[in-house]
Every structure is written in C-alpha cells, then in structure tokens.
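Everything below concerns the one structure shown next.
Labels run A, B, C and D following the written order; every chain starts at residue 1.
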Amino acid sequence: MNTSATALSLPRSATTTPATAVGGGWIGTTLLALAVAAVLGPFAWILTASFKYQIAIYSGEWPFTPTLSNYAEVLFGRRSDFVGNVVNSLIVASASTALVLVVGTLAAYSLQRFRWPVWVSAGFLGWTLVFHMIPVMTLIGPWYVAFRELGLYDTRIALILTHVTINLPMTVWLMRAFFRELPPEIEEAALVDGCRPLEAFRRVTLPLVIPGLIASGILAFIFSWNEFPVALSLTSRDLATVPVAIARFAQQYEIQHSQMAAASIVSTIPAVILMALGQRFIVRGLTLGAVK
Amino acid sequence: MRENSSLTLVLNRTFRHWSLLPAVALFVALTIYPVANLFRMSVSTIEFAQAGEAWTFTPLRNLALLRADEVVPAAVRNTLIFVVAAVAIEMVLGLALAIIVAGAARGKGLIRTVMILPILVPPVAIGSIWKLLYNYDFGIFNQTLAALHLPPVNWLGSTSLALWSVVIVDVWHWVPFVFLILFAAVEALPVDVLEAARVDGATRWQLLRRVMLPLLRPAIVVALLFRTILAFKVFDEVFLLTSGGPGTSTELVTLHLYKVFFDQNQLGYGSLLSLALIAAIVAFLLVGRQAVRLARP
Amino acid sequence: MIQHARVICTSFLVAALGLSAAAIAQKPFADVGKQPPITILIGSTPWYPAFEKVVGIYEQQTGNKIKLDVVPFGGILEKARNAVRSGQSPYDLMTLDTQWTIEFYDGGFLSPLKEIDAAFELPKEVLSYGDSGYWNAQKRWRTADGGKLMAYTVLGNVQLLYYRGDVLKQAGIAPPKTWDDVLAACAKLNEPPKMYGFVARGEKGNGIRYDWQSVMLAERASVAKDPAAGDYTVTINSPQAKAALDLYIDLLKRCGPPNYGSLGQGDVIQLLATGKAAMGDVVTAAFASFEDPNKSAVVGKLDTVALPRGRSGANGAVIGNWNAGIPKNASDPQKKAALSFLRWFVTYDAQHAFAENGGIPNRSDVFTSDLAKQPRFRWMPAYLETQKFAQQELGYAEGAQVEQVLGLRLNQALIGEMSSAKALNTAAREIEDIFRKSGRKTGTLPPLPE
Amino acid sequence: MAAVNIRNVGKQFDSVVVMRNIDLDVADGEFIVLVGASGCGKSTLLRMIAGLEPITSGEIAIGGRRVNELEPRERDVAMVFQTYALYPHLDVRENMSFSLRLRKRAPAEIDRLVEATATTLDLQPLLARLPRALSGGQRQRVAMGRAIVRHPQLFLFDEPLSNLDAKLRVAMRTEIRALHQRLHATSIYVTHDQVEAMTMADRMVVMNAGRIEQIGRPLDVYDHPATLYVAQFIGSPAINVWTGVVEASSEGASLRTDHGLRLALPASDVTAGTRLAAAFRPEHVVLDGVGPLEARVSVVEPLGPETYVYLDVGGTRVCARVDRTQTLAPGDPVRCDVAASAIHVFDASNGARLSTTS
C-alpha cells in the first residue's frame, strides 16, 4: 500500500518531495482532514448500518443496539453465496487486472515509442475512446450471443475477457501519459548498455512508471470489481460477482440496507488487501527485475 | 554472424508489432461486432415475433423519433449541467488532494487507501445508501440540520435541488478516481525540476501554476477525458437515487436511454440515442479542447 | 413398503435440513413422476425465501432437482431477454413481472402451456388475476377470450390500504371505505413531522403510475376505451381521470411528507415501518416485513382493508403479479419438467405451504383455510376482497411505453410542473401517438380545458 | 579499441533526406569531435553509429565489422547522453554495473571494475546514492563512469557537457581529454560548441545541413577553413567577412566591397567581376595608424591577455584582436589594414574556398 516503497522515492531527508514544495502547511492539513472526513463519513455510516437492524437504519436511530446478524446472514445465511461471490470477484478482478496491465501497457508503450503510421495510432486510440463512450447496455446483447455460441457463457473466461476489453481504453491512455513523460534517452542508454528492446522495457522503462502502473492497476481492479451489467448477463448464480450479489439486496419492494451494508463492508476488505498485495507485487517484481 | 544480426533486427521489429497486437486482437474480437451491431440497430426497427427478430431498415423513422422525443432536450440540459459541475469539482478537489497527500510526511499509503474507498463500493450500494442519507425524515443530513435547529432540506424531492444532490453523490464517488491518477502523476514528477524552480525563487503558487501543472498535464488530460466520458455515462447511482425525477429535474440522457432501450425495448431508436450520446460526448470534448486552447495565452 | 421407506427417508432428510415440523408429516402434494433437472430464473424479492422453501419441498417429495438462478430485481428482464433471444435457453421456467410478460407473449418467446401438454388445466380455485397469463395474439392483448395460456401467477400482488389500527382507534376513526374517508382521516391524523396521515408513491415512473391507477379505476376512468374490443381511443384526459388525478395530488400533498414527489415504494414502506405514517397504499407482499421486529417498529399494529372507493362509487386496484412461463427455446423434456413443477405448485398443499412460509398463495381456497384465522395472515380477507375488483392495467403490447408517458406526466402534475389537465392532455396525445404507430384503432377525447 | 569507418551513409526520415553521402574514417584510439549548429545532423550521425537510428543507405563499420544490422547492444559501444540518462531507479553503483550485469560478468569482477572506475572518477562516496540526490556535475561523472566501466570498443559522447555550468564545463573538458589520453579509447564526441571542439579534438568534423563541411585537425581547420561556413563557425570572436566584387588592377586583384571599401586580395586565380566573400580573423587586423582603411572604435572588450576591439569601418563592423597595451576608447579614429596573405577567399554563391595560399 505504500509507494514510498518504490525505488523511485528517496529518503525524505535527502530531497524535497514534489508536494512538500507546494502542499503542506496548515491549510493543506486542514483540507486533508476535511477530505478524509467527507470520504469516511458515508463510509462510517455504512459501517454502522452494517451493525444495525433494518428498523434502526430506517428510523436513523442513534445510539443503537449493535447486532452481528447482518454479517451472519451475509456470510453464513442459508441462502447466501456471498463468500463464493467474493471469491469469484477476486478471481475475475485480479485476472482481468493482470491481463489488462500487460496488454494495455505494451500497447501504450508501443504507441508512444515506436513510430506507427498515424492511421494506426490515432485509429487505435480513437477507437478505444469511442468504444469507451458506448453505453454498456447496448453491447451486452451481442456479447451474450457471441459467448454463448463459443460455449463460454457462464464461465469466468468470458467475464475476464470482457473486463479486460472494457478497462483497456483507460489503461492504454493512462499508461501512455506516463510513458510520455519519460525521456527516451534512458531507454536508449539501456539499449547501448546491452539490453534487448523488451529487456530495456522491463528493466528500465517499467520501473520508472510504477506509480502509473499502480494507479492503472487499482482503477482496472475497481472497475472490474464493481462492474455489474456484464457480470450479470454472462454468468449465472454460481459465478455471480459481488456487485450482482449486492444488487440482490435491492429488491423490488424493499432494499435490505442492513445486509447490503454488511456485504459492502465484507467485500471491501478482501479487495483492499488484494490491491495492496498487487501493488507490492508490481513494485517488487519490477524493481528487483531491474537490479538483478 | 550476418544471419544472426538480421534476425535480431527482425526481432526488434516484431517487438514493435506484437506489443500492439494483443490489444488490437482483443478489440477486434470483442468490440467490432457489438459496435457494428449498434450501428445496424440504429438504422433499423427491430420487432420480435414468433420467437425471432424482424429487422426493417428505417433510419428516418428513428431520426423522427429522436426529433419528436420531448424528454431529450431536458435530458441533454441536465446531463450537460451534471457533467460540467461534477467533473469540474472533482478535478479541482482531486488535484488538490493529490498534491496535499503527496506532500504528507507519512502515512501516504494509508491515506490513499482511505481515499479510494468510495470507488470500491458498488454503485448500486452507493445509490441506495445515499438515498437513505438524503431521506427527508430520517436521513443523516436532515437530522444534523435538525440538531442545529435548521429546517430540513428536501434533497431529492425538490426540482431545484435534486440535480445538485446527485452531483454531490457523484463528487463523493468519483473524486477518488481523479485523486488516484493525479497522485500517481505527482509521485512520478521529476523532483529536480521542482527543486530547481524553488531555487529560482518560485512561490508555491508559481511552482504549482508554472511548473507542476504543465508537468502534470498529460495525466490531467487523461483524468479529465475519462472522467468526462464516465460522467456522461453515469447511470446506477442516479437511477437509484431519483430515477430522473422529480419531473424531469434529474433526467439524464443515459436514464432516458435506459428507458427507451431497456424498459420499452425499442432497440432501434435506443441505439440511435446511444450513438447520439457518443456524438455529443465527442463534440463536447472537441469544443472543450478548443476552449482550453483559446483560453491559454 | 417402499413408499414407507421413502417417507421415512425423506423425513430424516427434511429434519436434517431443519425444515418445519409440519412438512415432515405431509404426504406428497401431487405425483409428477421423475423429471430431468430444471433451472428457474427468479428475482430477488421479499417472497423469494417462501418460494425457495416450497421448491425445497418439491425436491424432497419428488426427488426432481431444481436450480434457482436468483438474480437482482434490476437484472431479471435482461437475463430473460438474453435467454430467449438466442440458442437454447439456459432457463426452463422464468418468473417475470406481469408488465414484462407482454413482451414475451407478443414476441412468441414462451411456449403456450397447452402446447407442452394438451391436458394441462389450471385448477378452478386458482385466481385469474385479470387473465394476465393469457395472450390473444390477434388482439395483442391479455385475455382468456381467444387467448392462449402462456404463463400463470406465481405471486399475485395487489395494493392494500394499510392503516395503524391503534392510531385510528384512538382517534375514533373507522377504517376508510372511500378516498374521501382517507382525506378526512388524514386531516385529523396528519401531524408532520411526527406523523403523516397517508403515504403513497409519487415517484416518477412505475411508482406513481401504478398507485394512481387504483384511484383512476375508482373514479371509473381508463387509459384506453375498450382494448378488449380493439378500441384504443385514448380516454386518459377524461374529466373522471382529471378528478382522479386531482384527488391523488390532494391526498399526497395534504397527507404526505414534503418530498411526496419523490417517494418510492421503499420510502413508503419505511414511513409505515417506522410508525411515521398512519395510513399507506402498499403492496400485499410488504405485509410480512411489517411483522418482522427487525424491520418494523409497528409489529402487530398495521391492519389492512381493500383500497377505498372513489367518488364514483367504484373500487379500484391494480394487479401487479409475477408470472411464470416456459421459454420456447427450452428443450422438450425440460419444458415438460417445468410444467410438472407448475402442476405441483398450484396444488392446494403446495400453495398452503407457500403461504405458511410467507408467500401469497394464488388459490382462493387457501385464503379461506385455517391460515386466514391466524393474526399474521390478517391481510387475507382484504386481499380476497380486492380480487373481486382488481384489474390488470396496460395489458397490451404498448404497455411499457404507455407507462413511461404516464409515469412522467403524472409526476409532473404532482410536483406542479404542469396542471393536471395539461399533464393528462399531454399524456393523451403521446399515448395516442404510441397506439397509432403500432397500428391500433385509436383517437382521443377533446382536450380538457387547461 | 577499434577504428570506425563510415561509408557513403545517408539518412531519410519518411521521404525527407536529412543526410547524404557521409564518409568518415576514425582511426583506432582517435578522439573525433563532430561539431555544427543544432540540426546539422551530428547527433543523428552519432545515434546511427550507436545503432539507435536506422541507416537508410551506406555502411558503418566498427573495428572492421559492418554494424548496420546490429542492435546497439551488439556493437560494443558506450554512450554518454546530454541528459546523462541515468537510470533514476538505480543507485550509482547499479547504474555503473548495469551493462556488466547484463553481460553476466562475474560479481567479483563487476565489483572490481566498478570500484576501479569509481576511484578514477572520484565517485567512491556516491556509490550508494540515487541519481536524483546528485549534483549536475556528479551525474555527469556517473554517466562517464557508466561508459568507462565497460571498456567498450568505442565511446560516443552526445553533448555531454552542455548541461553543466561554464566553470564545470571547462574542468570536465580537460578531464575527459585527460581520460582519453590515459585510456586511448576511440571516441566520437558531438558538440555545438566550437571551443570544445577545438580544445578536445584530435580531428574535428564540421557538419552543416546534413553534410560534412570539413574534416581536419583543429588548427588546420582554423587556418584553412574549407568553406565560408566553417570559417564563420570556427573561431571566437567570429571571423570578419566582407562580400564584394573582384577588381583587377596593376597591383593585383582587389575586392570592391558592398560597402564601397577596397581590400587587397591575396594573389590567386580570381577573375575580375566575380562575387567573393573575403574573410579574415580578428588577429589579422592590424591597427597601426597607417593602414589604408579608416575606422572608428565602437566597442572595446579587454579580456586580460588580449583585447578585442570592434571597429566601424565604412559602415561595417570589424573585430580586431590587439595587444592589451594598446589603449583605445570608443570613438577614437584609427587606421587599419588586413594582410592580404591572411585573407581567405570564398565563392560568394556557394561558400567554396577559392584561395589556396597562406
């Protein structure tokens, strides 16, 4: 979770960080405190709601008698597949994130570094953007048909592939922005020093865009984690993901807020842990790769 | 020797090609057909009978539907207000937070984790939960106002306020997105440049305006670009919060599209509407880019 | 002997699963023979647990397997459409909201039940729910008259007038019989923000359309003149409809909370459950949650009567049921298996068990059974009473589009963006347009003076 | 160490020819400086030698081996970049040992080489630092160290000193030169600074607009510029140039300049009526009070050992180098002369050298 673990940052005493140059001071601290409070406020509300009975939520009761029944219902309820849903989501989100990082980063690098004809680069980037603009609801029908024809309906592969596709535009654009800020001489130095192009990319270029990789990775993970319509359409109950499961609490006549809150909390924890592990993996893998 | 070397040259060239290939392959495999289908639908009327689909080519009919649709103008107006307001606030707050957090002496990782919590909650839960927070009788906002002896506010039931209540939720939900991207960009800033500027006697404000912002520009552009597109596509939260009401006060293009395409099952007109939405986004982005260009001295 | 062994065996299994003791002693409800496993598409609804239990009993008794694909309410239609539009359906039985079924009937996506088994008949005790399971393909309209049975009701919902027995009694008010009674009662009871007299949905879309139509029917107004006879002249801008709309606006504004224009089903239930509302117009299915102490502060305090009469003297209520149908693109053995389950499900015993577990039965005889005497089923008389006059609305192919129009225009009238006359005139014009586009014989009344 | 042979090399970006017919032979151990204004193609040529830029035509050989098709890593060259291009995520030791590790040298050997190089360059105390914790001069040194540690066949320098301040630049100039004298490694050095070129090169290559204007030892180039461009580019202050038309007279050819002055030309085969450019360096302007040209002092720049005087001669500006003992003040009238033998004559239309003498 801590980027100061990246080799990019320095012992604090040695230099100023980008932002101590601008931020800092009591105004910054106050703003930060306000922001954290604003973010955490509703989240704290969700947390307390997860320990409340529905009626206590309804009537905005405070203080309230806490109960673990919502968690019990979500985790161990006879009708609950929630643990399975979380596992599904973890698999789909981490696999699609890993894939989209590989595919997207390579594509972004290729577009930024190699001289492609304009129709290729502009065409590809433009297409990704236009695709990103399309309301997903209009895409689902054809996807459903295609995956059913391929026998991939109700498999994780179908879901992972679509999530990679959905997240690819943002990954490519974001990574391109980071590659753009890298001076090409550093890679050239690596080539002269004895790297093959792919080696230079992995040992020198990638470690320098770790912040970008982490941001793209977190975003891809979260978007996959929260993606609802495709996950709903391409899977059935056994492979349902967290958002589909949580949407089940929004019933026709009532929203089961207490269980929804508990489910939201339960699903947040593994996601945060996995993101932290993923970051560490990226940082470690790339910095070690550069040194060894 | 000779053969070996030409082989490596080929390898070099192949790296260039295969580095883009997976992305292209994925896009060809998974987007061409749905998008082509979208275009085909937009010029057709699709009816279901005898357990099958009947397509008729009716481009003018769909266009006529679009022109006659009385909800569209209100939806377009609300969408524009929503996008501009929400994205502007999110960009400013996201940038400010990114810079402040990057400057924090310690606990950056923790703060970042906290900051991204809102985007980790599924939109369906966000919509439902904020609806409770906004509840007129029991919601936390009105309870707080009551505790301060202030009159309650009709957050979602007032035509003049509902859209702004929706904007607040969107800001809460999406500032983390902007923050995350810009935080990474700030972290990747070359420190020596900043130091040089400081040595040159730049004030903090000058440092921000003249050094950091230009350096952050690529990341800002990407954050703005994707945030804008996502804002145009906002759906779940608003659907759960207001369903576009009261009246047409929070009607957005995507909500209307959902009703047409999904509730009414008008696939042809619905597809045309989504193409119109895409065209609107593209136009908005182009105009926005031009405006930024003109504004810059 | 074998039969005996099976009962014992079943008993153990049932006991092991912790089902109610009542189920153990029961003999099989109906014999449907060995059937291949089927998959049912079902939404996540408050009555799902009851359905799941009954399915469990079916599996116990018949040894046939049923897989339930429970999807969020917001995803059922999508899943159902996907299932029937290509290849072989992953579902063998689909439960759909009544409003959605039209699209599936009209598109020919469901197998008429008699085509699967010519001998299939619904028992006469099964309530008709306004013929919502029938489809007349020529008229594109739901009616048993010339229509085929495409689906039948798994759960029939109607709106009931819920009222706080204790509060009304204390105020010396009798349960309202007319909407004017409701207005009068709420004039006495309304004490915002502590207590609202009467709450109903004002939310744009399905919410206001559905709740208002009960009042509309009570004022003898209609959307189209006579769909049964093929006359789709739009009558929504009749003086009666305006009276109904004015009355409804009056009710919500005078008796409800200030956010009446955005109240949805959840809000209405919340206001009743927290004891903030003295009366409310809510679906039957919500009753169980008012009796759950985890969800309600008014356990045992809410009573129900049928929705009141209008000034015209008529009662009005709109049926909102869930229908189960068999996709045309399911395989034949699966279709038969699905129909077998249906046959089993409509037996008295199954429906009795369904009711006991919290479902709303679809057989009239269950409503007059021992259950009706239990306090937790005290809604049954009002429900059965409502069945006498409750109607299906918007039961034609254009229903979904008409709902969009009404849902917006009614809401605009409610929040004051338009006068009620203008809202209805506008709606009439738009609905006429919809009917004309689909080739109906249509027209409209002269516009109301605005 | 190796010789470099460049034969008829050309370069095209898309359809634009940016360089053609480049021929250059660098002897083993030689220090060659490519010099020219920015955009003249010197960096492109260097990058072509390194393998970072494909060659459109011709051939480059290093140590007798054709390298056109070789990857940079196969050419056994080391390069120092203008921006140093240090790996920001690696510390100094890792930066220096990067190429050795890629070549899978034994760890002990790597350590030994790095230590030795670090000692040579005074980098010992910095080995554990990241590049961003280093000053500009230190970074430059690390970049040098990273190149040296490998003992490559060929060193390539791409304006390595231009990011340093003036004082450090002069010091590093000397240091690089000293290093070369010790290592005797073949080096190709690109700069836009003619002083650097003059002071460092064994031979310098003056480039202009994608062509080589002249190759030669610094003093030869200074004394015998092959083209007007070279004459103007090399030398500081810049050479004085007068253009005009040749007039023949009994005393020999002279130039009637565009400003109406008359300048005696060296004896050569110039024909009357041709347009010429006559160039003469400041040190060849004689201020003796008796010369044929009337002038007025406009600016005096004492540099210490010598003084530059800018004269207004008939409306043109001429720079003269004079002894510090001469005391002149702006406004003083003087007379001056240019020795005909010191005048370089170029064709005014294409800048080609015409005079052969002196």
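As a convention for this text, a contact is a pair of C-beta atoms (placed from the backbone, for glycine too) under 8 Å apart; a residue touches a chain by one contact, two chains touch by 3 or more.
This is a predicted model, so every value here is computed, not measured.
Trainee: Looking across all chain pairs, point out the one with the most C-beta pairs in contact.
Mentor: Here the largest contact count links A-B.
Trainee: Name the chain whose C-alpha centroid is farthest from the C-alpha centroid of chain A.
Mentor: Comparing chain centres, D lies farthest from chain A.
Trainee: Would you mind checking which chain's mean C-alpha position lies nearest the centre of all protein C-alpha atoms?
Mentor: Ranked by how close its C-alpha centre lies to the overall one, first comes B.
Trainee: At what distance in angstrom does the C-alpha mean of chain B lie from that of chain A?
Mentor: Averaging C-alpha atoms per chain gives centres 15 Å apart.
Trainee: Roughly how far is chain B from chain D, going centre to centre by Cα mean, in whole Å?
Mentor: 54
Trainee: Please report how many Å separate the Cα centroid of chain B from that of chain C, as a whole number.
Mentor: 37
Trainee: Can you work out the whole-Å distance between the CA centroids of chain A and chain C?
Mentor: Centres of chain A and chain C (C-alpha means) sit 40 Å apart.
Trainee: Mind pulling the residue numbers of chain D that touch at least two other chains?
Mentor: If we look for residues of chain D contacting two or more partner chains, we find 71, 132.
Trainee: Among the residues of chain C, pick out those that touch two or more other chains and give their numbers.
Mentor: Within chain C, the residues that touch at least two other chains are 72, 74, 78, 81, 85, 266, 270, 274.
Trainee: Residues of chain A that contact two or more other chains, please.
Mentor: Correct list: 6, 8, 10, 15, 58-59, 141, 196, 208, 247, 249-250, 255.
Trainee: Give every residue of chain A touching chain D within the complex, in rising order.
Mentor: 6-8, 10, 14-15, 183, 185-186, 188-196, 199, 204, 207-208, 287, 290-292
Trainee: Under the touch definition given earlier, write down the residues of chain C that touch chain B in their complex.
Mentor: 72, 74, 77-78, 81, 84-85, 103, 106-109, 193, 202-205, 257-264, 266-267, 270-271, 274, 276, 328-329, 400-401, 403-404, 408, 411-412, 414-415, 417, 430
Trainee: Within their complex, state which residues of chain B touch chain A.
Mentor: 8, 11-12, 15-16, 19-20, 22-24, 26-27, 30-31, 33-35, 37-38, 41, 93, 96-97, 99-105, 108-125, 128-130, 132-133, 135, 138-140, 143, 172, 175-177, 180-181, 183-189, 191, 194-195, 197-198, 204, 207-208, 212, 215, 218-219, 221-222, 225-226, 229, 232-233, 235-236, 240, 254, 257-258, 261-262, 270-271, 274, 277-278, 281-282
Trainee: Could you pull out which chain B residues touch chain C in their complex?
Mentor: Those in contact with chain C are residues 48-53, 70-71, 124, 131, 135-138, 152, 154, 156-159, 162, 242-248, 259, 262-266.
Trainee: Residues of chain D touching chain A in their complex?
Mentor: Where chain D meets chain A, its residues are 47, 50-52, 71-73, 77-79, 81-83, 85-90, 94, 98-99, 101-103, 130, 132-133, 146, 150, 156.
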